[in-house]
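One chain, chain A, links the two complexes that follow: it is found with chain B in the first and with chain C in the second.
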Partner chain A sequence: MNRNYFFLTVLMLVLAAGTFFLNREPEYEQIKPEKLLYDIIQPTRYVTTDQVARFIIDKDPTLELVDVRSAASYDHFSLNNAINIPFDSLLSPNYQDYFGIPGTKVVFYSNDDILADQAWVITRRMGINETYVMKGGLNCWIETIIQPKEPPEDAPYTAFELYQFRKGAQMYFTGAKVDNSVVKKKKVAVRRKKKQKVAAGGC
Partner chain B sequence: MGPLIPNGIITGNWDFVIALLLGIAFGFILEASGFSSSRNIAGVFYGYNFVVLRVFFTAVIVAMVGFLYFDYFGWLDLDKIFILPTYLGPMIVGSVIMGFGFVLGGFCPGTSYTAIAIGKMDALLFTVGLFVGIFIFSEAFPLFEDFYYSGYLGNVTLSDVTGIPAAWFAFAFTVIALASFWITMLIEKRVRKNIKEYKF
Partner chain C sequence: MHVHELNPRKTLVTVIIFVLIIIVGFLTLKKPRFKYKLSLEQTVELAHDYEAGFHPFELADVLGKKTNNVVFIDIRDRFSYGQGHIPGAENISAYDLSEPKNIKHLKELQDKEMTVVLYGNDQLQANGPWMWFRQVGFDNVKILLGGYEYYAAHKDALEQTVEDISYLRGEPRYDFAEVAKSVGSVDNTQKVANKKPVVVRRKKKPKVASGGC
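And then the complex of A and B:
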């Protein structure tokens, strides 16, 4: 009997028996606390409501909007093409496929920043990249996109540009009509030239 | 970490490069294991050479046990690997046909190409027959298309179907494989004693 065969047989049996002790429960990888802290203090995770509106209007295929509020709130109102993953179901295996898709940016939103921020921290701890938070949540969305306010007259030009974009976005999301009252028609004074009196008669 | 493509570590464009490298490695291992000889392969059915059984069983148990460890250490996510769909009835019938082909021809499709690579004439005839078989199968496919797609169980594993943890199957297969190694060694010794015309 070959001694090597005997040794390999025992080794294989031990390795096979060892698989009984391998825990196959899913354990989420966590990033290092230092890295998490660094990411938390960075404002780069925030996207503005204007940016989100632009993504939606442009039909950006890489955008994945995640509403972390309750299902009832989601049914009451949600952004276009958003999916509902209630905050307490964030770690459910049913929803894990929505995260970590290469080339996709996940944007969390809630009524304000708080719940979405917490969802962002959890997904970052799980090591999922490309997750963002909609700054100000739906409250800010209503203020800026659905009911935009006209900037004061002495505001810089960019503020008016932004306002024009928001008015366009408002029309896109609410179907509102163009507000003609904004553009007041100025009366243009027509100066008429006085007819010159031509000398009558000929030469 | 793995699987590499589903996890986005490398793109799907590497598919054919990886397939080429694996194909070369697979062919080399088949040849090195003596699978380019139809005598070695057919020997399983006559009881004088069980190298096929030993090589394939070794590959199965090493892969089974190894994958479970890889999954545990986080090197390979078993939930993301591709699992061939199961068509129960057609697969059983296909296996029986494959077995008959193995006994009659002394090769399976993969080993026949390794045998051609070292210039075996019988392998060349085998592959001609292989292509004739593929042609007949393709032309006659509408006749048994319904059967071909019957018994679909999905992309399931034994653990999914039975609910028994994968570790039990890995251990059971390992015990069966190791037992078969020792038993077939004894069978080989007995049978080879009575064979005079063939040197081992």
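And then the complex of A and C:
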């Protein structure tokens, strides 16, 4: 047998053995740091609570809401059809199938928007596109959708339109009934003519 | 019998040329400007790094010149910076952060072991840039908790913000489930509350004394 072939065989065996020591953890494709910074400074990743409410009400099939809070917080309260991927489990292989689905927009939310924004930065670095952050998080959701405030009388028309939308959304998400108490019926005061006393005169 | 066995000299020349091409390729390879120094796992842990936040009450020492190893970088645009900023803060707009001269300046600050504190209008604005700097190796970069808005509202009493926790982010301000539940049922209870009991008032019989025809 040729000596060269012998050395080649040994080399192949050594390389094959080396594969046993390879890191079995999934390696993620990562975008370049310059590209990540460019994307970070764009404000286009933020969606408002009103936009998210609209997506849910319209049953937008491309929406994927991701709650990055803990499992306990998610169990206590979560948005309609949201899935729970706790922030610390973002890199877990169990959840990777939820990301990067073509035609799907992933909207992260948390109590406010910091944790969701950090989840966005990490998934963006992993090269996942079409991810968004619900600005203000659930705190803002409560203040705008669940407990909307009526605009002042001199507010522009658009503010009233937005308020009407939020009232509708409030009913949709909480099952609240129409609040009729706002339109108060004016009490009709019936004044009966006083009967003349006997002393006041008579027939 | 293979060709290289027939002409070993020719084979050697080919191998040398091949190796030279590889070496030239490596030497002329453009070095990337930035490299991730933190792995993705380390970046996830960064969210729990409470030392990375710069509290507003710590500002009092810096402004009072008690410490001089902190540099503030205002990442808002020039217009916002001109309207008001933390005294002594440098303005590097978020869009210019990766400019070579700015990166050089930040590296110099890192070499001098200076702490760099980034801030935007609110904490969210500086959150992404802060994470980015930490990921590419600037471990001296911190973020101003509460952002400029909180500073501007409390600049006259920064020391007193030690007890304040309203600027800390990440906490729920409501019991979400409870609020949603109460709103869902509030109108029904209102209806009950608003319904006044009907009082039947019978017409009083006129007394004999009240007279009449």
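Things to note:
The definition used in the following text is that the second predicted complex is superposed on the first by the 155 of 203 C-alpha atoms of A that agree within 3 Å, B and C clash if a C-alpha of one lies under 4 Å from a C-alpha of the other, contacts with A are read in each partner's own complex, and residues count from 1 in each chain.
Operating definition for what follows: contacts are C-beta pairs under 8 Å (C-beta built on N, C-alpha and C of every residue); 3 or more make two chains touch, one makes a residue touch a chain.
Because the structure is a prediction, the values reported are computed rather than measured.
With both complexes placed on chain A, chain A has more residues touched by C than by the other of chain B and chain C. Legend: residue contacts after superposition of the two complexes on their common chain; A:A17 is shown touching chain B, with no touch to chain C. By the touch criterion stated above, A:Q170 is placed in contact with chain C alone, chain B being left untouched. When the two structures are aligned on the shared chain, A:L90 is found in touch with chain C, with no touch to chain B. In the superposition on chain A, A:P33 makes contact with chain C only, while chain B stays out of contact range.
In the superposition on chain A, contact of A:I142 is made with chain C only, not with chain B.
Of the two partner chains placed around the shared chain by superposition, chain B is the only one that A:P102 touches, whereas chain C remains out of contact.
In the superposition on chain A, contact of A:T9 is made with chain B only, not with chain C. Those residues of chain A lying in contact with chain B across their complex are 5, 9, 12-13, 15-20, 22-24, 29, 102. Residues 32-36, 40-41, 43-44, 46-47, 94-95, 97-98, 123-124, 127-129, 131-132, 135-136, 169-174, 176-177, 179-181, 183-188, 190-191, 194, 206, 209-213 of chain C touch chain A in their complex. Those residues of chain A lying in contact with chain C across their complex are 28, 30, 32-34, 36-37, 40-41, 73, 76-77, 87-88, 90-91, 110-115, 117-118, 121-122, 125-126, 135, 138-139, 141-142, 146-147, 170, 173-181, 195, 197-199, 202-203.
Residues 8, 61-62, 65, 68-69, 71-72, 74, 165-168, 170-171, 174-175, 178, 181-182 of chain B touch chain A in their complex.
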